[in-house]
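Common to both upcoming complexes is chain A, partnered first by chain B, then by chain C.
Up next is the complex of A and B:
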C-alpha cells in the first residue's frame, strides 16, 4: 500500500479537470494574445509557473465557466473529440481563425488501474504542467506569425461531440465552419496519460 | 587488427551521409560493368521502390559489405537476398568477404589487379563502364521515394484528420454567447503589425548629428511607467532623476552624484520639477499624493503640500506657483510662499494627468491626461495660476497625452504626443486654437523636447525601435533617428546650454545625446571669410 501512496495517481475526473483548466487558460490566452478584447479587461494569474491572463469581463467569464463545466462532464464520459474556438469578424460573421483543441482518450496506467479498479494514470503532475507550460508559451508566440485581426472580433466555441451525446439546456446544434484558404499550424501536445490534448490553430492565409 | 577494422566498419555504418561521400560506392560502380547492372535495372524498374534498392544492393554487395549494411539500415528489412550467394556468382569478389559481420573494409586492390591488363601499379578507372549517372539516379531516386512516402503519410494523416472532422457526431454550441469586443475598440496589436520601417524620408542636413550617445549613465530601478515624469534638468546644470523611491542629483558639469531623498516604505517618487531660473528648489511629487519642496543646496525638505487624492505624476512651475497634476485628474496650484499653499484647484481631467507644462511666457498651462484630452488653461488675471475654466480642450489624440512641450522661440506653439494607440505628434497654435501640423510617428510618443538652437524638436518613442527622432519644424520632416535604447524612451530633458538631450529609458539607462551641438565651423565662418577677403584684398593690393 505504501508503494501506491507514493506513486502518482491521476483519476479520470482529475485528468478531465486538468484538461479543462488548460482549456480555460488557453482560451483566455488566445483572447488576450490575439487582442480580441482590450488588455485592461484581463488580469494576470500565476499558473504552470508562468504569468497568464484571465479575462475579467463577467460575461466572458460566465461563458467560459458554463462551457467548461459542461465540457468536463463530456470529457469524463468520452463524449467530446474536439473543442474549436473560432474567432469571427463581428461585421460579416466571417471566421478568421480557428483554434482546435483535440481530445484523445488514452489508457493510462493499466496495472495501477487494475489495482484500483478504476481508470487511473500515473504521470507526474509536474511533468504534465511542464508540458502545458510549453504549449502556453507557444500560444503566446503565435502572434508573431498569425495575421493581424484588423476588425472588431468575437469568439465562439464549438464542441465536437459524439452522436449519442445529449444536448443539455441552453445548448444547440451548430453548423460546421470553414476557413477559406486556411493554413494549419500544430502546436505542441501534452498528455495526462488519460487524455491527450492537441492544439492546432488554423487561420486565413492572406497573400 | 581485426577489431580495428570492425570498429572502422561500425564507424562507416554510423555515418550515412549520402551516396556520393562514400568511397567504396564509386568503386563498386566502376567495378560492376554495364552488363552486370542493366539486368538488375530492368527488373528493378518494374519492381517497387524497396526491391529496387535491394537489387542495387546486391550488385553493391560484391565489393563493399559495409555500404550494403548501411543501405540495409536505410531500407529496413527489404534486402532478403543472402549476400553470399550473390558473391559466389560474381566471381570477382575476394573470398575474404565471406563473413559479412567481421569482414574487413572493402579492399579493391585484388580486383584492381585482375582488371587492369598490364600489371602496373597505377590504376586507371574506366569511366565509360561505370554508369555513375545511372547509379546515382537510382540511389537518389530511392531517397526521394522515401521522402515521398513520408509526405504521403502526412497527407493521408491530414485527410484522416479532415475525415474525423466530418465523422458522424454532433457539433454543439453554447447558446449564451460571449460578447463581442466593445464598440470602437482597436486591437492594440495594430502597433505591432503596422510598425514598418519608416521610408527614409530622413532629410539630409548639413549638420552632423552623432548617432551614438555621448555618455550612458546607469539608472537602476527607474520606474517603467508611462504616466510619470522622473527626469528634470535645471538651469544650473543639475539633473534630478527619480529612481524608485529616491531622487538623485547629477551635476552635469562635475559629474558628482548626490542623493537628495529617499522615501520610506513602498512610496515612490512620481515626478520631479526644478524651479525656473536656475534656483536650487526642486518639487517632488510622490505616490502618497503629496508634493514635497526641497532645497537642493542644503539637502533639506522645506515643506510638504497635499491636496490630491492620487499619486502626483506631473509638476510644472510658474514662478512661485507649482502646479501639480495627479492620478485623480485634478490640477492643484500651490503657492509655495503661502501657508495656505493650495491657491486653486481644477477638476481638469477624468483620468490621470501625465503631461503638464507652463508656457515659457507663463500665459498658458497645458495639461494632458489619460482621458486622451489635451487642455489649455489660460492664466488668471493678475495671478500666476490658471483660470478654473479651460480655454481649449483638444480631443484629437486617441491615447494618453504625455509628451508636451512649448516652443521656446515661438509664443503659443505647443507640441503634444499621444500614446500607443495614437502615435502622432501634433503641433498646436494656442493663440488661435488650431492644429498646425500632425505627423504619424508609428510609435508611442513618450516625450517631446524642443531645441533652442535649431528649428527642431526631438521626441522619445517606445516600441518597436525605442528611438529618439529629431523633427524639423514646421514641416515635421525627420532629420535624424537616434537608436540605442533597448526599451522605450520614457523621459527627455534638454541641457541648459541646449546642446545635449538626455533620454531616460525603461532599460534603466540615461543616455546623453549631443544632437544639438552648434557647428563650430559655421560659427567661425564669418570671421574666416572676412580673413580670406582681406587676404584677397592684400593680393590685389600687391598686384
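Up next is the complex of A and C:
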C-alpha cells in the first residue's frame, strides 16, 4: 500500500490511489465474472483479505494501466464524476451492460486538515478495506442474477469528466451510452472519507 | 621365650593329631585351642619381631608358609628329645641356620612369587592380547567365510551362467546345424536347378541351333527363290518394255486417227456453213425488194414520235400544277375548319345575345347604360349581402362552438347514460334474478304446501283407511304416489334452475372481467414502456443539466480492437467463402488433385492398353484374313449382319463375288449377277451335292484353269 498513513491520516493522493486500486480490481473482477476473457488468462492475487482475479493479458493490463494512471490524476483534481465500464456486443455495438463507478468528493477530516494544512482524511485503513471487500464480494455475486452474455463481447471504459477537462493524447471523446429497458442494481458503496465510490450495475432487462 | 618356643613346638607336634582328630565330636574345645594356639603363635611371632630384624622377616615368612616350617620343626623335634645346652645351642644354631635358610628360601619363594606374579601379569597381558588377536582372527575368519560364501555364490551363478551359455550354445549349434542342413539342401536344390537349367539351356541352344539351321536353309531357299524371281522379273521387265513400245505405237496410231477425224469434221462444218450463206443471200435479196415500203413506214413513225414527245411535255406541266394545287388545298383545310368553328361560335354568340336581350327586355332595360346602372346597383346589393354573409358566418361559428360544447355535453351525457344503462341492466338482471328466485321460492312454497296437503291427506287417508278398509286404499295410494312424483319433479327442476343459471352467468362475468383486466394490463405495459423510455431520456437530460460532463475514453480500447478483429475475421471468412464457392463451381476438382492425377494416369494407361489391344486385334485379324485368303483362295468380307461376301483369288474382276447369309439352319447363297453366270456349278454342287465347300473349290479350280489358260494364251500371243 502506497498511501501515507500516520495516525489514520489519508492524503488526497493516497485516497485517489485507493480508489484507482479498487477500480483496477473491480474491473478485473467484472471481466472475469462476466466471462469476457477465458479464465485461464487470469491469475489470482490476494487483496482486501480475499483472493481476486487479475488479467494476465498484456493488452488488458496495458489498457487498464493507461486508464487508471490518467484517472488517478483526474480524480485528484476532482475532474471525474463517473467511470463506466460498458460491455457491448461486438457484432452490433449494442451495449448490454454498464458498470458505473460514481465518484463523489468529500470533505475529510476538517480539523486534521487544518492542522496539517492539507486536505486529509482520518478513516481507518482497515475499515476502508473491509468496505471494499464487501463491495468486491457483491461484484462476485452479481453473476447469479446478471443475464448470460451469449455473444462475442468486448468492453470499454468511459470516463465522465468535467467539460473543462483537457483531452490528453491517446484519448478521444465518445458518445454517452444508454441501455434500453435497463435494470439498475446499486451495490454497496465505500468511502475513504475523501472520496466516496458508488458502484451501480445496469443491464438490459429481458422480459 | 623358650616356653613359647616349646609351646609352638608342642603345637607342631600336636598338629598331625589334630588333623587326624579333626572330624571328632569335641570340636569346640579343639577349635578353641586351635584358635588359642594361633593367637599364641601370633604372639610369639610378634615377640620375635621385637627381638630382631631377622625374626621380623621370619614372622612375615611365617605368615606366608606356616605349614612348611611346622613340618621341619616337627622333624627336628622328634629327633632331639633330651635338651642339653649344647644341643640347645646347636639346635639354636641349626634353628638360626634353618631360619636363615628359610628366610632365604622364603625370599626366593617371594622372588619366585613376584616372578610368578609378574609372569602372571605378563601372561595375562599376553592372554588378553592373544584373546584380542583370537577375536580379530575370528572376525577375519568370519569375514573370510562370508567372502568365501560370496565367492561360492558367485561361482554358483557363474556356473549357472556357464551352463546356460552351454545350453544356448548347444541350442544355437543345433539350430545352426539345422540351418546348415537346410542351406545345404538348398544348395543341392540350387545345384540341381542349375544343372537342369544348364541342360535346358543346352537343349534350348541345340533347338535354337536347329532353328537357325532351318532358318539358314530357309534363307538359302529364299535366296534361290529370289534369284529365280529376279530372273523372272528381268524377263517380265523385258516383256513390259516390249509392251510399252507396242503401246506407244498404238497411241501414235490412235492420235493420227483422231487428227484425221478432226480434219474430216472441219471439212463437213465448212460445207454446212457454205449452205447457210447461200440461204442468207437469198433472204437479203428478198428484203431489198421491200425497202421502199419500209422507208414510208419510217416517216410515219417519226411523226408519231414527235406527237408523243409533245404529249410528254404537257403531262409534266400538268403534274406541276397539280402539286401546287394540292399544297394550297392542304394550307386551306385548317382555315376552312377555323371558318367552320367561327361560324358555329357566331351562331352561339348570337343566340346568347338574343337571350341576353330577352333577359334585358324582361327586366325592362332597353339600353346598355341602363344595364350598367342596373349592374352597379346589383353590385352594391351583393356587397351588402356579403357583409350579411360574414355576420352570418360568425354567427355560424358561434353556433358551431355551442354545438361542439353541446356535443361534448351530449357525449358526457351519453357516457353517463351508458353507465346508467349498464347499471340499469345490472339491476334489471338482478331484478330478473330476484324474480326468478321469487318464482322458485313460490314454487318451493307451493310444493311444500302440496306436500303439506298430501301429508294431511295421508293422515286423513290413513285415518280413513283404517276406518274404510282396503277397498278405496289402493286408489288413494296411487294418487299419493303421483303427487309425490310431481313434487319430486318440481324439486328437481328447482335444483337445476338453481344450479345452472347463476354459475354460467358468474363464469361469463368472470371471463369478461379477465379479458378487461388483460387489456388493461396490456395498455399499462405499453404505457410503462413508454414512460420508461421517457424516464431514461429525462434522466440523461437531467444528468447533463445537473453536471455538464463530457465522455472520454481511450482511443485504443478493447472494444474497438475487438471490432476491428471482427471485421478482419468477417472479411477473411467472406473471402474463404468465395474461394470455396469458386472451388465448388469448378466441381471440386481441387479437392484431391492427387487422386485426380492418379485417375488420369490410369485412364491414359487403360487407353494405351486399349489402343494396343485394338492394334493387336486388327493386326491379328488381318493376319487371319490373309492366311485364310492364302490357304483357301477366298477373301471373305462381312458386309452386314450375317451377310458375307466372298471373292475368289483368281477372279477376273472385283465384280465377280458371291454373297452368303448365315441362317438358323446353316448358310445360304444369295443370288447375284455373278452367281447367275455360274449355273452349271450351282446346279451340280449346290443342288446336287449340297455342299458349299465343294462348290467353292470347284469354282476356284475353274477360275484357276481359266486364268492359267488365259495366261498361256497371252503368253502364246506374245
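Here, the second predicted complex is superposed on the first by the 201 of 207 C-alpha atoms of A that agree within 3 Å, B and C clash if a C-alpha of one lies under 4 Å from a C-alpha of the other, contacts with A are read in each partner's own complex, and residues count from 1 in each chain.
The criterion applied here is as follows: a residue touches a chain if its C-beta (ideal position, glycine included) is under 8 Å from a C-beta of that chain, and two chains touch if they have at least 3 such contacts.
What you see is a predicted model, and the numbers here were worked out from it, not measured in a lab.
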item	value
Chain C versus chain B on the shared chain A, clash or fit after superposition	clash
Which of chain B and chain C A:93 touches, first, second, both or neither	second
Touching partner for A:149 - first (chain B), second (chain C), both, neither	first
First, second, both or neither for A:38, with chain B first and chain C second	first
Touched partner set for A:67, first chain B, second chain C, both or neither	both
Partner chain in contact with A:180 - chain B first, chain C second, else both or neither	second
Touching partner for A:167 - first (chain B), second (chain C), both, neither	both
Chain B region in steric overlap with chain C, selected from 165-173, 219-227, 273-281 or 363-371	165-173
Residues of chain A contacting chain B in one complex and chain C in the other	59-60, 63, 66-67, 81-82, 90, 152, 154-163, 165, 167, 170-176
Of chain A, residues touching chain C in the complex	59-60, 63, 66-67, 81-82, 86, 88, 90-91, 93, 152, 154-163, 165, 167, 170-176, 178, 180-182
Complex contacts: residues of chain B adjacent to chain A	164-183, 185, 187-190, 192-194
Contact footprint of chain A on chain C as seen in their complex	529, 532-533, 536, 540, 547-563, 566
Chain B contact footprint on chain A (complex, rising order)	34-39, 57, 59-60, 62-64, 66-67, 70, 81-82, 90, 143, 148-150, 152-163, 165, 167, 170-176
